[in-house]
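Here subunit A shows up in two complexes: once beside subunit B, once beside subunit C.
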Partner chain A sequence: MIWDALLLGLGYNATLVTLGAGILGIAGGVGGSFLFLRKRALVSDAVSHATLPGVGLAFVLMVAMGGDGRNLIGLLAGGAVSAAIGLLCVNWLSTRTRLAEDAAIGAVLSVFFGFGIVVLTYIQTMSSGRQAGLESFLLGSTAGMLQSDALVLVLAAALTLALVLILRRPLTLVAFDPDFALATGRNVNRIDLAMMGIVLAVTVVGLKIVGLILIVALLIIPPVTARFWTERVDRVLLGAGIVGGLSGYVGAAISAAVPDVPTGPIIVLVSFALFMISLLCAPGRGVVSSVVQHRQYQRRVHLRQGLLALAQGQPIYERLTQRLMERGGLMRGDGVATDKGRAHAAQALLDEARWQVVRSDQAYAAAALRYDGLTEMSSVLTPDQLRDIDARLPAPQGVTP
Partner chain B sequence: MTGSEFVPLSLVPMLIGICVAVACALPGNFLLLRRQALIGDAISHVVLPGIVVAFLVTGLVASVPMLLGAAGAALVAVAAIEAIRRLGKIEPGAAMGVVFTTMFAGGVLLLEMSDTSSVHLDVEHALYGNLESLIWLDATGWSSLWDPQALAYLPVELPRMVGALVVVALFIAVFWRPLKISTFDEGFARTMGLRTGPLGLALVVVAAVAAVAAFDAVGSIIVIAMFICPPAAARLMTNRLETQIAWSVLFATLAAVIGYVLAGYGPLWLGAQDSVSAAGMIATVSGVLVAGAALVGPARK
Partner chain C sequence: MTITLARDKDAPTDAERRLASPLAIRGLTVSYGQKPAVFSVDMTVRAGHMTAIIGPNGAGKSTLLKAALGILKPLAGTVTVLGQPMAWQRDHIAYVPQRASVDWDFPTRVIDVVLMGMYGQLGLLGRVRAKHRAQAMDCLERVGMTDFATRQIGQLSGGQQQRVFLARALAQGADLYLLDEPFAGVDAATEQAIINVLKGLRDAGKTVVAVHHDLSTVRDYFDDVFLINTQAVAEGPVATTFTQTNLQTAYGGRLAGAQMDALADTLIGTGTGAAAR
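Showing the complex of A and B:
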């Protein structure tokens, strides 16, 4: 069943939803990337909640003008307008008053959402409002999606993607160094607004499928996930697109295959699974990799300290050091150094003595900065410099075994 | 409107609204000043999965397990945000966004997949509650306030909310000095030997208590609004913490009363027949207060 769904074999409607969710996921991931890099991820929360009153008022307006009221484009346009107003309110509150951006976000999202609820309860009392089904915008609903709806989604998502690709250079610049962008004559406010416009577009497009509460996840989780794997902006964009697209596609397929599974939440949970995998397993920034790096570093420190102790004839009591030295064949079980151990210890002591010379000489200030008690001197200085250092070493002393 | 109509129908919801508003606004002041305003947002989203899990485990729609479940979920969320922030070296806003959306999605999924259709548990209720339904049918007029028999049938949400308000107020009164110092100058607080970490966590827990107690009666949207809007408006009125808290209590009370009245009677004045959501209207009024303070507040810059 799941395989049928993943291979788009569950009929026309399920295929439409699955493809639509996949495209939405790509748009969300790519569109949210700059928001995340700009450290303003939660602005999307305010934007998405602020769509609700617009959707409701659009319905009221369309009914008042004698229409059906359920026209998707009309509802989404209403949502876009009120979301834009909410966005401007966040900007105004955080730049013109002393309130911080997080307070502005919270105020706008709760007030707009509260007003939206007022409009929704009013609609429920309208004679034509009982079947409006506007509650489906809260959590999304893919049942009964029409081909025309899907086409709207695809077009909007494609436009968003194109916009991001066109604007990616100014957006990157502003995300990483807004002061520099300003100093080089770019209009940072306008670029920020363009970024928000992209977010707004994704939010409005996603209302139908994942709903306004969870669309935030599609904007935040994929970029955060992609960030674990790379340090380059274009790859974050690519990765976020892949993670978002995969989440949307797989989530919608699962929801089509398993009864009673709502689409929006399962898409979010799939993307969270990808996030957890990345948090744990990504090379470099992942948890596992950090632990491994930390353990390696710990071993090097212990081994080095053990060798220095050996060289100076001091006994070693520390367990981990003992184990490491024995395993490396540097020391016997009774604490006596092997020949190999003695050789390495002498080397370590020589290195330490060289470092002392380097650190006390201003001429080697740059090299001295790299002293961390672990680095081999030969990887920092040239053979010529080493000879110079060696000439200044104190006279050799015997190492007591 | 006479007492015989007002007391049974409107007094209790209005009092609950005021208690919710003040109980959320008090810790909200500190959260706002600590740049943690959105913690309230995150907590109120994760209350839903907490309540659903509590229901699935106990099979009861009872207050105590649900309160425990919601409080547990709030703690899990705070711990998860902190863990993701540290382990993944992610900025706090994004970590928060990851955690609360995921937990909310999990809550909705559990709710839809389990058989909860027989009980009163749904997402819409969780979002905007039903303040209007908390009526006190045993009251006949003002005299019922001294009638033990009628008082016995007071909606259980009112004493619970008053209790939460007392807990919140006591916490802030007892820890006033450490809270104030650590909010404005955490480094100084630490040099004085204050344990700022546990204190910050305790503040979040108290906020969660207020949110969870309020949630059942009024839904989560009003909780977010009251955490942020009255303190934000108060922040624009003054530069003194004491004055700010007084303003925030005033704004919270105003929002609750005006919002409730507008929701109940506003549509009638405009010629419609039915009332609109009181929770939504209270949030809307609090937004109007913020807008007013942002335009004319003496300390708005």
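Showing the complex of A and C:
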């Protein structure tokens, strides 16, 4: 069943939803990347909550004009307008008043959402119009997705990707170093608004599938996940697109295959799974890798300190050091150094002296950067450089056995 | 070096100097809230020279620089570059901000930071080609940082980061270089590397303006000084302007007598400190 869903074998509507969610995921991940890099992730939460009154008022307006109020484009347009107003409120409050951005977000988010709920409650009492299903904008719903809806998604996603591609350099500059961006003549406020516009577009088209409460996850989790794997902006964008697309696609497929499982929350949970995998397993920035690196480093430090203690004829007290020395065949159980231990100790002492020369000479600045008290000199310098250093060493020191 | 005094008959008029200046500021006032940080400041930078902006803490040095660049919006005043509004001339201006102003955990490598200096020339969609990379590496070479090209920016020491930002400014290929405390918190080797690059720029005909805080090196590093304490105090060549009287005016009581004495070697003695020697 799951495989059928993943391979788009569950019928027309399920296929439409799965593809649509995948495309939405890509747009969300890429569109949210700069929001995350600019450290303004929560602005998207204000934007999404601010769509609600617009959706409700659009419904009221369309009913008043004689329709049944269910035109998706109309509802989304209403959501976009009120979200834009909410966004401008946050922007104005945080740049023109002394209010910090987090406070502005909290105020705008709750007020707009509260107002939206009031409007929805009023709608329930209306006698005309087909109000059933409006609340699906809260948590999303994929039942009855139409081809035209999917087309809207594809267009919006394409627009988002194109905008991010065109604006990637100004957006990078503003996120990394806003003062420099200003000094080179960029209009930082306008670039920020463009970024918010991209986020707004993704939010509005995502309302139908994921719902306004969870859309923020599709904007933020993918770039955060991608960040674990790379130190480059372009790769964060690429990775966020992949993570977002995968989450949307797989999440929608699961909810199509398993009865009575909501699409939006499943998509978010899939992206969370990818996030957890990255958090734990990513090389370099991942938790496991950090722990392993820390443990390895700790062992190397202990071993090195043990060797230096041997070389200087000092006793070793720490258990871990003793154990590591014995296991390495450097020391006997009774604390007496083996031949191998003495040789290594002499080497450690020599490297220590070499490092002192390297670190005091600017000509070796690049090499000195690799100083950690552990690295073997021969892996840092060329044989020629080593000879130069050795020639400058103080008189050779014997190793006391 | 001949020093032209304003009294000379054939000396350029104020307006002429302003037109020829790579950075001329008139009546600039910037305030935070109701308190001006910089008040009605005039400044005319000489082309092809190195100018130090000096003054006590909170005197508005960085504010002046930022307002000149359009980073801060002034309440009043004009900034012209070669007689034209600064905004038209941005391509000719490079900027090295204070180190603290950026996000050090940002996913960017040293070479990417330098390439940011070339975004103006690359445009929105222009591809980064081998020649651009070579140009960026060349800028890193000039500040002695080629070995670090692929490191994430946060992994560098403070001095190394400062050199990378200088390399980014070099990549801008500008004629006017504005630096905000380039020597703050850097090691001696970096300070030497930076000053050598700046002097190289000056010798190549570029103009350098730096906010500077170390009075003891002003004489060695700079041609001109601009003293400020909210208002402009004095402006001119180091030899005639970097005097005890001017420093006392700029720093008020904040420059302790001991500091003055330590500086006395490098100062043109017109004040009491020199007499005491």
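One rule holds in what follows: the second predicted complex is superposed on the first by the 348 of 401 C-alpha atoms of A that agree within 3 Å, B and C clash if a C-alpha of one lies under 4 Å from a C-alpha of the other, contacts with A are read in each partner's own complex, and residues count from 1 in each chain.
Following the convention adopted for this analysis, contacts are C-beta pairs under 8 Å (C-beta built on N, C-alpha and C of every residue); 3 or more make two chains touch, one makes a residue touch a chain.
In this text the structure is predicted, and so the values were computed from the model without any measurement.
Once the complexes are laid over each other on subunit A, subunit B and subunit C both fit without any clash. When the shared chain is aligned, subunit B comes close enough to touch A:Y122, but subunit C does not.
Shared-chain residue A:Q362: touches subunit C; no touch with subunit B. Residue contacts after overlaying the shared chain place A:P262 against subunit B, while subunit C stays out of touching range. When the two structures are aligned on the shared chain, A:K39 is found in touch with subunit B and with subunit C. Of the two partner chains, neither subunit B nor subunit C is touched by A:G328. In the superposition on chain A, contact is made by A:L109 with subunit B only, not with subunit C. Between subunit B and subunit C, more residues of subunit A are touched by B. By the touch criterion stated above, A:G197 is placed in contact with neither subunit B nor subunit C. Vectors from the Cα centre of subunit A to those of subunit B and subunit C enclose 100° in the overlay, to the nearest 10.
With both structures placed on the common chain, the touch criterion links A:F176 to subunit C but leaves subunit B unconnected. Once both structures are fitted on chain A, no C-alpha atom of subunit B lies closer than 8 Å to one of subunit C.
In the superposition on chain A, the residues of subunit A contacting both subunit B and subunit C are 39, 227. Only residues 37, 39, 165-167, 169-170, 172-173, 175-180, 182-185, 227, 230-233, 235-236, 362, 365-366, 369 of subunit A touch subunit C when the two sit together in their complex. Put simply, subunit A touches subunit B in their complex at residues 36, 39-42, 44-45, 92-93, 96-100, 102-107, 109-118, 120-122, 125, 135, 138-139, 213-214, 216-217, 220-221, 223-224, 227-228, 260-262, 264-266, 268-269, 272, 275, 279, 285, 287, 290.
Partner subunit A is touched in their complex by these residues of subunit B: 32, 35-38, 40-41, 45, 84, 87-91, 93-98, 101-102, 104-106, 108-109, 112-113, 123-124, 127-128, 221-222, 224-225, 227-229, 231-232, 235-236, 263, 267, 272-277, 279-284, 286-287, 290, 294, 297, 299-301.
Across the complex, subunit A is touched by residues 66, 69-71, 87, 90, 93, 95, 97, 101-103, 106-109, 112-113, 116, 119-120, 122, 124-125, 144, 147-148, 152, 157, 160, 168, 172, 178, 189 of subunit C.
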